[in-house]
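When the chains are written out, they are named A, B, C, D and E in that same order, and each has its own residue count from 1.
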Amino acid sequence: MTTEATLVLSVNNIEVVYDHVILVLKGVSLEVPQGGIVALLGANGAGKTTTLKAVSNLLHAERGAVTKGSILFDGVEVKSLSPNDLVRRGCIQVMEGRRAFAHLTVEENILTGAFTRRDGKSAIAQDLERVYAYFPRLKERRGSTAGYTSGGEQQMCVIGRALMSRPKMILLDEPSMGLAPQVVEEIFEIVRDLNIKEGVSFLLAEQNTNMALRYASHGYILENGRVVMDGEARALTANEDVKEFYLGVAGDKRKSYRDVKHYKRRKRWLA
Amino acid sequence: MRAPDADDILLQVERVALSFGGVKALRDVSFNIRKGEIRAIIGPNGAGKTSMLNVINGFYRPNHGAITFKGRTRAKMQPFEAARGGIARTFQNVALFKGMSALDNIMAGRTLKVRCGVFWQLLRFGPALAEEVEHRRKVEEIIDFLEIEAIRKVPVGRLPYGLQKRVELGRALAMEPDLLLLDEPMAGMNLEEKEDMSRFIMDVNNHFGTTIALIEHDMAVVMDLSDRVAVLDHGVKIADGTPDEVKRSQTVIDAYLGIVH
Amino acid sequence: MLYRETGQFKTTYAEDIAIFPIRQDRIALAVLLGIAFIGVPLLATFRIWPFGSDYLLWAILLPFLILALAAIGTNILVGYCGQISLGSGAFMAIGAYSAYKLATGVHIPFAALGFAISIPPLPVLASILLGGLMSAAAGILFGIPSLRIKGLYLAVATLAAQFFFDWAFLRLPWFTNYAPSGSVNAPELVFFGLVVRTPVERYLLCLVFVTLLAMLAKNLVRGNLGRQWMAIRDMDIAAELIGIRPLYAKLTAFAVSSFIIGVAGALWAFVYLGSWEPLAFSIDRSLELLFMVIIGGLGSIMGSFIGAAFILIAPIMLNVLPTELGLPLSTQTITHLQFIIFGSLICYLLIKEPHGFARLISIGKEKLRLWPFPY
Amino acid sequence: QNEQFIPILSYRTGPYAVNGAPYANGVVDYYNLINERDGGINGVKILFEECETAYATDKGVECYERLKSKGPTGAAFINPLSTGITFALTEKTATDKIPIVTMGYGRADSKNGAVFAYNFPLLGTYWSAADIAIQHVAKELGGLDKLKGKKISLLYHDSPYGKEPIPMLQVLAQKYGFEFTPIPVTHPGVEQKSQWLAIRQHRPDYVLVWGWGVMNSTAIKEAAAVAYPRDKMIGVWWSGAEPDVTPAGDQAAGYKALMLQHGAGKFPVHADIEKYIYAKGKGSTEPGKIGEVLYNRGITNAMLGVEAIRKAQEKFGKKPLTGEQIRWGLENLILTDARIKELGFEGMLKPVSISCSDHEGARYGRVQQWDGKGWKVISDWYTADESLIEPLVADVSAKYAAEKKVTPRDCAKET
Amino acid sequence: MIAFGQFLEVLIGGLMSGVLYSLVALGFVLIFKASGVFNYAQGAMVLLAGLALVRALDLLVANGFPLWVAVVLGIGFAAVIMAATAWLIERFVVGPLVNQDALTLFMSTIGVTFVIEGVAEMIFGSDVYPLQLFPTDAWFLFEGLFPGGILVNKLDVWGALIAGILVAGLALFFQRTKTGRALRAVADDHLAAHSVGIPISWIWFVVWLAAGLVALVAATVWGTKLGVQFSITFLALKALPVLIIGGLTSIPGAIVGGLIVGAGEKIAEVYLGPSIGGGIEYWFAYVLALAVLLVRPQGLFGERIIERI
């Protein structure tokens, strides 16, 4: 793919085990080039979230562990860093499941994202305004307790919070989940915007394959804890199997959900 | 197949308003659900969709307005009444019982159908055992139906998001509801899984004649599956009609869809 | 290879919902019960090692059985229904004192109304069971706040029960039949004409109680009521929306739990202590029970046994060991060391496996099943 | 194995450690002295083991079970050093035939050896203590008749220990016509503000203190805080040791307490202990603490036990004896002034004479006062009034006998 | 008039002694607010801090240091001990337990209690050590108005003053600073806090240290009152109702809770106690707390418990 020097993130053949017995990732390797947007695709339970957590070093809190392989962020072994170090170095994760701080207000939530920053109040205030510009809805609800906001508002809040740390690289876990269609578009526009203007790299676990591949430069398809296919986004989009199973275009016309007659025999590359 | 009867109204919500402090989540919303139909509720984030479902099954008490369910009109529902009356639902943020296995979660859905008293349960013998086996049989049917045989005994906390949503649907189905409220059942699923889920929803609707109210942000799904769509924005109902009507409504396009789908 | 369920097909749902669906587990249980019911009494009667003296029976097995029973009760409330309670000690006390009152005859004079309630002394068995029922009633009463108060707030609120009953049994002389010192004596243990006196007899008596109640508890938690409890524990709002009434589920949990704890309390007083004061059921006892269920495993009947064994025996071992090894340490140092090591051990276990021994065992089984492959 | 095993239930940790430790030190030092100086009791070495109870009843029971059958003949006797544990063990020890020696504590009714064959509340029960305290109050007031109309409160540790004197005090109140108010303090007794505010309002003429551990010093401090005169407070003999007054500093000056015959100070036996034990570096405490009140109580208690064994050896032979045999020794133990002098306890102890019907053996007491630095004996000897105590003992112990189906022995037939 | 004077005295005494409990309750609040951990070990920490202080003091005074130097050095030494404790607890107990449920964390702090008690007594001894940092005698106010005057203990006044200052400082810290916000975030969701880069270990160390220092302050007051000794650990149980009346997460709540509990239980004990047997203050405080919770399940000032589907 790209040469070593320009990789922000490289995951080499990792294995992840939960609870000492549940083997979830079985040798996953992937790379994110500097300034790239990489999509991570796969069915439920394929291990996307687990991969992202392994990168951001949040696994041990869930009784999981990387038992094999290595993960390098910016050339540094991730294992030796705490999650806090990672954020300081510019790698932040947006967790799946809208984990806003329930008792804090929306604005306080967003501000916690700036915890690691040392560049002064005004810079932070500026970024806060930027987040509000991205998500006007949040500005309306800034004083509300996050725990009582709607699902979509929480999701925006969590994404906005991550942006506040001015990261080099963002691990986005299902950002589009539960968001209204035009907000989804906006999110991906933000992704592109940050990517082009500020050179932020993205590793994107996403179910909305269409969207993801439209914006990504590379894609990986995970299944059962293994990478079964990877390549340029364009190449993946063109692949017949991907088309049928992930993009929902058989031939060239989209099928109606109403016409799905029988449960499909899923095609599996492996397993 | 399914024959939604235009006059047979299962649930009627009339001028319901709901506010939290200064936030007006619902402002005088009226709408109805006919027996046997798939009714979609859409709208931008924070429009009040979830709040609407919460009002219907009694988790929120509206400031004013009336709810008529199966011909009985009330100012508010009690959660327990709603469940007994046959309203089941799934939740936007999965609300499964994390420490229990998938099987137990679905079995818990059958609580209202249990007839044996504590005494027999204590002995787990005779009628209690027979009943338990009977419930188990019904639940296994649902498990088969949802294709989650493999994860029966896995604690749901460990399941990936998508499967959790499916188990949650199973739990709601186990209640054998008349009205099933689904809050974003397909969030976080890929295309293939959405197709499966669509299939389940239609089958439930067809086979059991269950009426379904559906919140979803995937327009393709909404437009394909639903009979009628209500659109909320900032707590106000801004459109109501067949998918085609709604799709073409300029107000809806401005407030929500952005582009024509 | 040893622990595989391959080849054991279940053809009916009834088989699948049996207590131990796997054959190996059934065999293990049968062996265990055999040892408990036949092996131990035989060894003890013929004073064969390690039953050369009464110590093992009196000071280990007897309290172990009774505390395990109390732990099961606590586990139903805390582990299955998720209502954290620091008042288990009080419910043991209620069981004990009610049983005591019933066994010695109740007399409540309503002087103002000109009549009195008098119940003649009841047989011991009836007293113990009714003691459990009294405790259940108190449990329901003190369970009512749980409808509003949750989590750690509830835990502290249950201390109200703990301290109130500590006080009541200490200060209201009616409960102690006006014993001047406030210390009361258990009646003679007569069951259907048989007098229970020796340690072996006491042990068997408790074993019967524990086995029966544990079985019944297991049945309950596997059934619909158990699922209701767990649903309330995991997410009470969702449970309510699927038709589980929090009132019913929580209060039944309080009732069943307090009943079992109450019976355990009565046994503790009658069979183990013989003579007791309220301090026997202090807050320390409540904490101890909570430890048992957490170390053993929340939501596991078997875990309650393991937890009880651990919490009871570990400190004793730590205390005895230095003397047995002949280490020249003063009692003071030994006790301090015992505290330090026991505390560390608890922290270590919680870190190692926050879900307790029960989870460790199930992971172990899973590993066995996979053996010889690591995952 | 020519060894006699004696278990020691002690508490050197927990809230009552401060009082438990010096006592246990006294006991240990005395047993060591017998072994080092005399080579045991008539050649039978004393083998002892400590077990920590932390003053908790259930731990005490466990300790008892652990130690009761150690050594060649099992435990000689047991000193639980807690009234709660005594209650819990009373029935067990009777079945196991091991005497339970509770010197200056325990259940007061167990003085009746006909019913409580194995209990020995030596040198004074709480009923004796209550009577002696009231006698002293009367003396300060100028006569028993002056008690009439006076207010006397009992500030007590809310446990069997603290409650024991109440029935006796009620009897006394009735007889002498003073107003008696019991005031409970919840274990462990760190919080007494409301009790003392109540006392300040109620203004009793005397406050009897039945405390243990931190409760004692807290009581003195709170008394000082509400300006209640310390010299109107009289503690029981468990509320009259150094750890009870030192934490209160100067505020404790004037405080009075009963003495279980002995007080603080050194006597001939201490010289032996220093010579045979401490000089060899085998002592169990700092030399400065030898002669403290609770230490002295420890050695007294140990001495009575040793003498009982010696007495039993006269009848059963100079070898390790069983609990049952030692019970005979206890029940026939008579220490005359001469013998006490021989043992080096002259001035600490008055003659003791135990019998089947009287397991207490002596009922003497004095009163001491803390002057800020040390304890001073301020009274002459009192003897508890048998005529008041005896009916109460008979009454309560008969109840026990009925409840537990114990057939009282006929003491006239015992030898 | 006499009766009123007496009532006033009981009331004032109660309020004051309630504030002394607040000193201990504050330590609980700090840790709960910052990590959702209900720290049972707070009582043991007071003991440890007190023992470290008093033993250092004794040693220094015995070696001829002037009293004020000894006090400063002694407090410094105790603070160092508390810092070491905080570090050890974070490193070996609560740190590894991040993201576990509240009950597990609560139990682990009971384990910590055992360890602290054992270590403290092993190192510093298990005697009673008198401490005299504050005056303990009493003022008698309004002697003209009421016979005997109204008794106010000087130590109580000192305790109240100190508690007031602590509360003001800590409340400002939590509401106004970035770290305060981060602490509340951590309490909400350990994992999410991790993910936004809040250094939980450092934060927890700081909070446990703060709780340790609060324990040290409590030890100076309570040590003066009781003498430094094992029984100080029982304060934890007396502080609990204070804590939940005020709300587990509210610093000012600790003071208000203290006032309510103190006044309530003393008045109950003095006026109600004698007629039903006395010794009721222990449970009365808890019943009071229970009653408050029934009206406000999160305590008077606690953060609202979020129930949302």
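The rule is short, and it goes like this: a residue touches a chain if its C-beta (ideal position, glycine included) is under 8 Å from a C-beta of that chain, and two chains touch if they have at least 3 such contacts.
Because the structure is a prediction, the values reported are computed rather than measured.
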item	value
Chains touching both subunit C and subunit E, listed by label	A, B, D
Intersection of contact partners for subunit B and subunit E	A, C
Farthest chain relative to subunit C (centres taken as mean CA coordinates)	A
Chain whose mean Cα position lies farthest from subunit E	B
Centre-to-centre distance between subunit D and subunit C (centres being mean Cα positions), rounded to whole Å	36
Whole-Å separation of chain centres (CA-atom averages), subunit A against subunit E	44
Inter-centroid spacing, subunit B versus subunit A (mean Cα positions, whole Å)	29
Length of the line joining the C-alpha centres of subunit A and subunit D, rounded to whole Å	74
Sites on subunit E at which at least two other chains make contact	121, 126, 277-279, 282, 309
In subunit D, residues with contacts to at least two other chains	12-13, 21, 158, 184, 186
Residues within subunit B bordering two or more other chains	50, 59, 91-93, 95
Contact pairs between chains, per stated definition	A-B, A-C, A-E, B-C, B-E, C-D, C-E, D-E
Parts of subunit B lying in touch with subunit E, wherever the complex brings them together	50, 54, 59, 91-93, 95
Subunit A-touching residues of subunit E, taken from the complex the two chains share	98-99, 178, 181-182, 184-185, 187-202, 303-304, 306, 308
Residue ranges of subunit C touching subunit A (in the complex, touch as defined)	363, 366-367, 370, 375
Subunit C to subunit D touching residues, read off their complex	53-55, 58-59, 63, 167, 170-171, 180-183, 185, 187-188, 273-277, 279-280, 284, 316, 319-320, 323, 330-332, 334-336, 339
Partner subunit C, residues of subunit E touching it in the complex	38, 92-93, 96-97, 100-104, 106-108, 110-119, 121-122, 126, 237, 240-241, 243-244, 248, 276-280, 282-283, 286-287, 289-290, 293-294, 297-299, 305, 307, 309
